[in-house]
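Below, subunit A partners subunit B and then partners subunit C, in two separate complexes.
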Partner chain A sequence: MRNPIGWAGLTAFSLAFFAFIYAPLFVIIGYSFNSNPVNMMIWESFTLDWYTGLLGLSDRTTDVSNRAAYVESTGLMLAALRTSLTVALFTTTISTVIGTATAIALARYRFRLRGVYNGFLMLPMMMPDIVLGIGLLIFFVSIGMNLSILTIIIGHCTFLTSYVFIIVQARMAGLDPALEEASADLGASEWVTLRKVLLPQLAPGILGGALLAFVISMDDLVITYFVSGTGDTTLPVFIFGMIRRGVKPEINAIATLIILASVVIAALGLWLRSRKTD
Partner chain B sequence: MANRRQSVALGILLAPVTLFLGVFFLLPLGIIALFSVLTPGLYGGVEWAFYHWNYGRIFGWADGIIEIYEPIYLQILLRSLSFAALTVILTLILCYPVAFWVSRLSERWRLVFMFLITLPFFSSLIVRLYAWLLILKPSGLLNAALLALGIVDVPLEILYTPTAVVLGMVYVMVPFMFLPLYSAVDNLDRSQIEASLDLGANRVQTFVKVVLPQTLPGIMGGAVIVFIPSVGNFVVPDVLGGAKGLMIGNLVEQQFLSSRNWPFGSALSMIIMAVVLTVLLISVTRARKAGGHA
Partner chain C sequence: MAPLLEIREARRSFVTPEGGRLAALDGVNLDVGANEFVTLLGPSGCGKTTLLRAISGFESLDSGTMRLDGADLTALPPFRRPVNTVFQSYALFGHMSVARNVGYALEVAGVARATREAQVAEVLEKVGLAGMGARRPGQLSGGQRQRVALARSIIAKPRLLLLDEPLSALDRNLRQQMQLELKSLQHALGIAFIFVTHDQEEALTMSDRIVVMRSGQIEQIGTPREIYRHPRNRFVAEFIGETNLFPVTIDRVEGAEALARTAEGVEMRLPGKDRRPGEQVTAILRPADFTLGGAGIPGRVTRAVYLGSDLYLFVQPLAGGPEIRVIARDGAGFDEGAAVHLAHDPARVHVLEAA
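Up next is the complex of A and B:
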């Protein structure tokens, strides 16, 4: 950059941009330590009560008679978290298997419908989630299937399979097919070649795809909202409901814990990626 | 396919995705299309008779007896399109300079800021929107700051307005615009920029004639990725928008979860789908054309 004033201006703009992205997160974290139970926008004093109450560690905040400090979400939140984790685990497994199989098929075999498949697999990612959500809702209701954790898992897999497919396909493109040909020439069956030659090379891509699927599944709101029925709800739907009903101070503590978890997962993802390039 | 065992392997690999997406993706979309031309039942559900007034209500050929044409539906559709377009423009204005800045940093700082821009991908959408609720409230942080600084005398009413909706969408979509832009800016051929400047073009000319055409694919990619989820968005207007910030996604949600008029909701969804497919088709043909010239 030849112009130092221009560069300084650009730097100021960019730093303001990152402040814009991160300031809201710090606002939540700040408020989560505010002890004011009536109006959480007015700072009273520093407290960890919302956290201890949420995690079921404190008597004071689980005392129903003390309305002001009572944390009502603990049980519901933990149930929602459990549902989210169950859904994410199953979704990740299913979509990773299907997505990987598809990526291998499209990269290693030449057949007439290959182009059609390649284009078609983009659609679930591009389709607005509300359209997919209501489509699945009508479908499940029409065939008489009860809305449950199973319908949530199916809903997530419909679009996450495509995400895994994209990631694994990208890894696939960087591999040398000669290794597999050598394996076949040396008498290995397709299955042995797949297991001993192809899958080990694909592992970082598969892991990356699985991680992405897990993270998106944990965060999905819209599709879950439509196909979850009245029983099981996931964490994002639970928080959405809390926001709609009117927020209670403990939501800041929940939100902070979620932000913390996402930082850990993002760091893990970055670490995995840096290992992959080594 | 010469080898029979190979075609068996191919079949095994492709069967799961074909079955799964056939049943749980194509079929539901087909059902939406079907429901959009069926008669709404009296107490929710449908009657199996052809009915075109669902679209008539939206586009103006309603029968005027049971189904009444309300221009509000078209207005909400246009509003959704303009909010989405505005989101694209604003994220582009925000991200372009920053992408440029990040690409000029040293290796270490570039990694740091790339990490910072991808981090929101991993953090919860609903939590990030909730933060804006705290900031924009009449008693929220923004108003507290403005009042304290004496910039305003009465709290600004930002929450539950179109401004809040667009702001929220820009905030949520920023990373999706940034990443394609960054890869375009990072791949800029710098020698061309220097050549342009050396040959006497000024900065503006260089930007318009050299930088902009080279980064256009990134701009188009980002625009599509931001526009599509914005136009059908219902979470952001639900949390931050009031009646004036209502978008077509909210209409769809109402038809399914409160009005229980599924055929009408399906017709509205078909419109969202049509918009999305049109945008995709245009971008694909454009990209193909551009690829053909190169």
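Up next is the complex of A and C:
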């Protein structure tokens, strides 16, 4: 059955496909170690200066003449990272709690307009980010709310709740309702059943939803761009601003670190999932 | 002695998607004694599960009363009812070990860990799963899961155990073994079982009493023997075991015997008690009630099937009418096409008043 030419073609295609996806990432990682400060596309020699420079520990910066300004921009970047992490932690927690509770309620209780409610929960995911961003901005301005880290958190929660909801709902749909009945039958109140049976059964879904929410929150540019004030900026918005002033080698170092963090989070997610399934 | 469970005029209807109302329970009256094995038997959709769920509290009644030990059950939520259930899907908690599954009722009730572990070990021993406590339900066979579900539901010593087709997922051999084990477990525990099945053989082997249901109503309650030998109507007769039904008209009554014949002219002898000439009744004879001999209903074998030592025959009466099913203990030589005579003892005939 095996056609050698077909197999070679398929292999080549697969390799090309993965190269297409991963080449940009590897290029960035390569550039982040290139010591050439003027043109990153011309290899000079290996250096870790851009990494140490991020922490303000290196003398070599792109803008040697203005070292004070450079250290300040590093400080700003670290502040942006801190903002991003804070936002992601809060939004992940809030949207996971609300999304999970909603998924349970919608699956277990019958009430009027249930279908409509369901549809409305999907909407923020379908909506283009730019529309959501503008909508949120107009909303905050019209109720007189100053743009700050709080508005970023609220903005993220509006659409991340939907993501968590959908993932937990899928898990909920696959759950045998008899499990909860068995628990009640054996004397457990609804609260005990929730704690001992329902939540542990949903755990992989909840965890998956939370990780996704965290990653999307860390990554979001468009919506955050609209709802962040001048004071609090997240890392993606900060990098976007940096690039507009020309691509500096430090960007590659930042990007490489973010790739590393993403891989670690994804691996963590996979590991937790494989541990859950017997 | 007052019964353990007392159900009076239980009614429950559902609104069907088609817009009508369907009476899943239509005036059910049932008493269950303290140490009784009662089986609910009936065709699919007759309301067996609904009745069980009403007792466990997962389904409410539209009207009617339910008392357990004299106390009203209907007002209690499921988790307060002293009744436990073995679910058809077993509903084991996949994220817990077998031991924790089994000890769940005690854990929830706040029983101390040491006591709990001792009782779990004891119950696991009882259902033949000693030493398997550390496993996850996912690492067990179907039969073992069934035992875990059973162990989990008896650990809190309920007065009444409800089992909804607990054996239906098992293969035939395992099933027969579990039937015997369930029955002896019920004896040893001294608690009442209400067991749902739509396998009539299972019902006949296991039950102290059988409740035959149809469309939300109880058709007959009785011991397996009563139900089998003295079905109250055609439905019960046809539902329980293989049956031959003969709508007959009484010709004449001679002492203890009545002579009757079907419209086609097949002649039968019935118990003569209470019979009047000209009366139309239905005569019921089980396949094993016939003997093959030189006298009796003349017929021809249309099909012969060997069932181990027995021979299962389909006999077409020469007079006409439906085929008669016969089990012959020693049926050698009666192959297809053979001429036979089917004799029967009039005392074995059960008579239904309606034709």
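FYI, the second predicted complex is superposed on the first by the 254 of 278 C-alpha atoms of A that agree within 3 Å, B and C clash if a C-alpha of one lies under 4 Å from a C-alpha of the other, contacts with A are read in each partner's own complex, and residues count from 1 in each chain.
Operating definition for what follows: contacts are C-beta pairs under 8 Å (C-beta built on N, C-alpha and C of every residue); 3 or more make two chains touch, one makes a residue touch a chain.
Everything quoted here is computed from the prediction, not taken from an experiment.
In the superposed model, A:Ala107 makes contact with neither subunit B nor subunit C.
In the superposed model, B is the one of subunit B and subunit C that contacts more residues of subunit A. Within the superposed three-chain model, A:Ala182 lies in touch with subunit C and out of touch with subunit B [touch as defined at top]. Contacts of A:Ile149 after superposition: neither subunit B nor subunit C is touched. In the superposed model, A:Gln201 lies in contact with subunit C only, and not with subunit B.
Look at A:Ile166: by the touch rule set out above, it reaches neither subunit B nor subunit C. Judged by the touch definition given at the top, the superposed model places A:Leu85 against neither subunit B nor subunit C. The part of subunit A that touches subunit C in the complex is made up of residues 176, 178-179, 181-189, 192, 196-197, 200-201, 203, 278. Within the complex formed with subunit A, the residues of subunit C that make contact are 56-58, 77-80, 83-85, 87-89, 91-95, 104-105, 107-109, 136, 138-139, 152-153, 156. By the touch criterion given at the top, residues 1, 5-6, 9-10, 12-14, 16-17, 20-21, 24-25, 27-29, 31-32, 35, 94-95, 97-98, 100-102, 104, 113, 115-128, 130-135, 137, 139-141, 144, 171, 174, 228-229, 231-235, 238-239, 249, 252-253, 256, 262, 265-266, 269, 272-273, 276, 280 of subunit B touch subunit A in their complex. Those residues of subunit A that touch subunit B in the shared complex are 1, 10-11, 13-14, 17-18, 20-25, 27-28, 31, 39, 41-42, 97-99, 101-102, 104-105, 109, 111, 117, 120-121, 123-124, 126-132, 134-139, 142, 154-155, 157-158, 161, 165, 190, 215, 219, 221-222, 226, 235-236, 239-240, 243-244, 247, 251, 255, 258-259, 262-263, 265-266, 269-270.
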